[in-house]
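Handing you this structure, nothing more for now.
Each chain carries a letter (A, B, C, D, E and F) given by its place in the written order, and its residues are counted from 1.
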Amino acid sequence: MAIAKAGATNNTFGSLVTGANVMKVPGLNTLGVSMARIDYAPGGINPPHTHPRATEMIFVLEGELDVGFITTSNVLITKHIVKGEVFAFPRGLVHFQQNNGDVPAAVVAGFNSQLPGTQSIATTLFASSPSVPDHVLTKTFQVGTKEIQKIKSRLAPKK
Amino acid sequence: MAIAKAGATNNTFGSLVTGANVMKVPGLNTLGVSMARIDYAPGGINPPHTHPRATEMIFVLEGELDVGFITTSNVLITKHIVKGEVFAFPRGLVHFQQNNGDVPAAVVAGFNSQLPGTQSIATTLFASSPSVPDHVLTKTFQVGTKEIQKIKSRLAPKK
Amino acid sequence: MAIAKAGATNNTFGSLVTGANVMKVPGLNTLGVSMARIDYAPGGINPPHTHPRATEMIFVLEGELDVGFITTSNVLITKHIVKGEVFAFPRGLVHFQQNNGDVPAAVVAGFNSQLPGTQSIATTLFASSPSVPDHVLTKTFQVGTKEIQKIKSRLAPKK
Amino acid sequence: MAIAKAGATNNTFGSLVTGANVMKVPGLNTLGVSMARIDYAPGGINPPHTHPRATEMIFVLEGELDVGFITTSNVLITKHIVKGEVFAFPRGLVHFQQNNGDVPAAVVAGFNSQLPGTQSIATTLFASSPSVPDHVLTKTFQVGTKEIQKIKSRLAPKK
Amino acid sequence: MAIAKAGATNNTFGSLVTGANVMKVPGLNTLGVSMARIDYAPGGINPPHTHPRATEMIFVLEGELDVGFITTSNVLITKHIVKGEVFAFPRGLVHFQQNNGDVPAAVVAGFNSQLPGTQSIATTLFASSPSVPDHVLTKTFQVGTKEIQKIKSRLAPKK
Amino acid sequence: MAIAKAGATNNTFGSLVTGANVMKVPGLNTLGVSMARIDYAPGGINPPHTHPRATEMIFVLEGELDVGFITTSNVLITKHIVKGEVFAFPRGLVHFQQNNGDVPAAVVAGFNSQLPGTQSIATTLFASSPSVPDHVLTKTFQVGTKEIQKIKSRLAPKK
């Protein structure tokens, strides 16, 4: 299994996750670990998301990143990390990484689950199938249907 | 410990969670369980949120609810449940309950953790302290700063 | 899955447990939680029992109950709880609930296992199949065969 | 730590458990194992009991034993085991061993907990402190107060 | 299942392990425990080995043993134990037992896994199939190929 | 915490492990993950060792490696891996990595424990403090005291 090459990052978020979990590496079954490589274009973001079944620890392969997670007390913890530095995102908490530099960045991530699972928050709420009803989202974000539908259209899967 | 009374639901979301976890019931320490009572005004919502450390199972005490969660394959699972029915939200997945009826609703929830923790998604992203930077959120939701700041202002803590 | 109705409590113990575990709700598989509704006639008892695989936490739906469990130091812990109150029974310990009031009582219980299992002590020792030998029970309870057989006859399954 | 000598078995049940758990062997802390030696006089019984936190596996050091446990389906599983044989009692289930032979018997037990805990059923129900109320026990065993008090007096701690 | 008889110890190491794990006792499945009997000729050794999935606790059935394990700080912990004494080897650490007495010795071991697994270090490194390359072992033990091949020949499986 | 720089590999084994575990990154406490960077000189080896408390998964940062582990059935599993490839070593099993290339190699490793622990087999057996007795090692490796003392002298800590 190789996750050697930089993933193609010319997409909406300017980032790509290439997983090496039990779905791709069957030998990981029962071992309780997996890895992933994440590439970021300049300006790219791995947008706020959670892993329901794993803590994640990253090692910066190249470039620089602004990383953060929010605690259950609603406190945002952030750090600027550079090549060779590590950072951990506790199990189940919303977190993100952004490349605010001028050159590509990349990390390798280790997880304490063979299948961490991912919920990318914006996609989860605005682009699921079927769709989360507008009246749930207007209540949730306290804005009108117009704003909700705008976000939905922006995040809709490309055809 | 009593969670007998209906919580006051005259707030932004029209719902209130009254927890009976280890912070309030010290005897739960090491026992790996907790409960909560959730009250919903007519039209009220317990907006999309996650519990990083627990699966949740609810029992409807009164009224009716539309409940749902989104899987890691981004599929929305929903159900309409009435008094006496149960429903489970798997550990770490985004879920919500909404009272679309004309009368108040209430549930009692059981958790397989003495301290499940909660991240209410909208509040986590738009009302943390310090604030998640606008440029993270514009990238994430693919809208402009104006929309982001609008949501932030709507969800800002009341003074 | 509904556990809405009060169970029929016109039986030996004056109580009925209606479970919502993985045998009845297959979707609970791997989720590690389950619930049950327990109804008690006036004077009814959920007699001393254990759950080998779960801690239990109850919420009183209606009426009042005298509840208790015995610790591994052989200390009896008891409490009188009313509607809306909660109480926890640690994993594996002998516990019971009794309705000493004049009106029916009911609780909803949460467990940190999808299949807690139950051993109702009196039935386990005096009404198993095959039967626990009399000489085991006379030694255990330090009484004669007559008393043992009397209890066995009282607890024998109705035909 | 030695559990070499046969325990004194001239007591009510004709058996004695000598534990080697974390309370006696502090080095077992965090290791998740413990052992015990159990001695049985001819006719002696280790009466029905549970270990809330461990499965137990025994190895017969000398003599012969009739052993049994009851499942959560209320089925009694029994076996006659002799020197050198092993048997396992699943976590939390009621079980017992009886020496129906003419000579002393002994086993060494292994547990998958550094502190398994024990609830000896008869003592738990009839000799706890404070006492389980008579009306709980009469309901539970479906006999009168006279029988209950008889068992209580027989099992009362020796002064 | 019986592990009653002393195993034949007229082999290279002068010891024999007779396991009672889930491969031999299918009923142990999911129970998380197993046992083994180990016999030692005078001068016999159960050479340094690990159990990847279990802590082990032993009880001396007869004779005397010198036992030891090495911590992750590379400290050797040793003890001389006699009949009736117990000792524990923490999960995954290299350990051994040697009978330096004039008479046979034996222990019964309890494990907190139904299938602890064993890696006998010398056999693992010098007699695996296929063979660990000589250049790995010369580097590892800082000696020449001659010494490595000598050990390999001594530990090669008997034909 | 940075593990960015190549460790100094001019030592006995031609490799260096730089850990990022809870002893160095206190914030990892309770999170159940850690990482390490391992550097290898040309010809360098990370000699056979175990991690008692973790499975390890590695990602090759640069160079090429021959990696292997031995199963509990004494089968050697090996693979040649290059930059960007991943490989996993199951919890508690003896494993090693060797750089048979002409240029330095490096990996980043992820563990499913905040403190995996390490037992480097040769050092554990031949350079512990106090020393494992010669007669244990001669029996174990089936060679004479001369060979054992030779290995001990080669692996003795540098003064």
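Things to note:
Going forward, a contact is a pair of C-beta atoms (placed from the backbone, for glycine too) under 8 Å apart; a residue touches a chain by one contact, two chains touch by 3 or more.
Since this is a predicted model, take the numbers as computed values, not measurements.
Shared contact partners of chain B and chain F comprise A. Repeating the C-D interface, with the same residue numbers in over half of the contact pairs, is the pair A-B out of D-E, B-C or A-B. Of the two chain pairs examined here, E-F and B-C, the one linked by more C-beta pairs in contact is E-F.
Residues touching across the chain A-chain B interface largely coincide between the two copies, over half of the numbers being common to both. Between the CA-based centres of chain A and chain E the separation comes to 46 Å, rounded to the whole angstrom. Centre-to-centre separation of chain A and chain F, using mean CA positions: 32 Å. Looking at chain B, residues 90-91 sit in touch with two or more other chains.
If touching chains are joined by edges, the resulting network of the protein chains shown is one closed cycle, each chain touching exactly two neighbours.
The assembly's chains link up in one ring whose order, counted from chain D toward chain E, is D, E, F, A, B, C.
Looking at the complex, you find that chain D touches chain E at residues 1-5, 20, 25, 27-28, 31-35, 37, 55-57, 59, 61, 82-86, 88, 90-91, 108-113.
Interface residues of chain C, counted against chain D in their complex, comprise 12-14, 45, 47-48, 50-53, 68, 70, 72, 74-76, 78, 90-94, 96, 98, 117-119, 121-132, 135-136, 139-143, 147, 150-151, 154-155.
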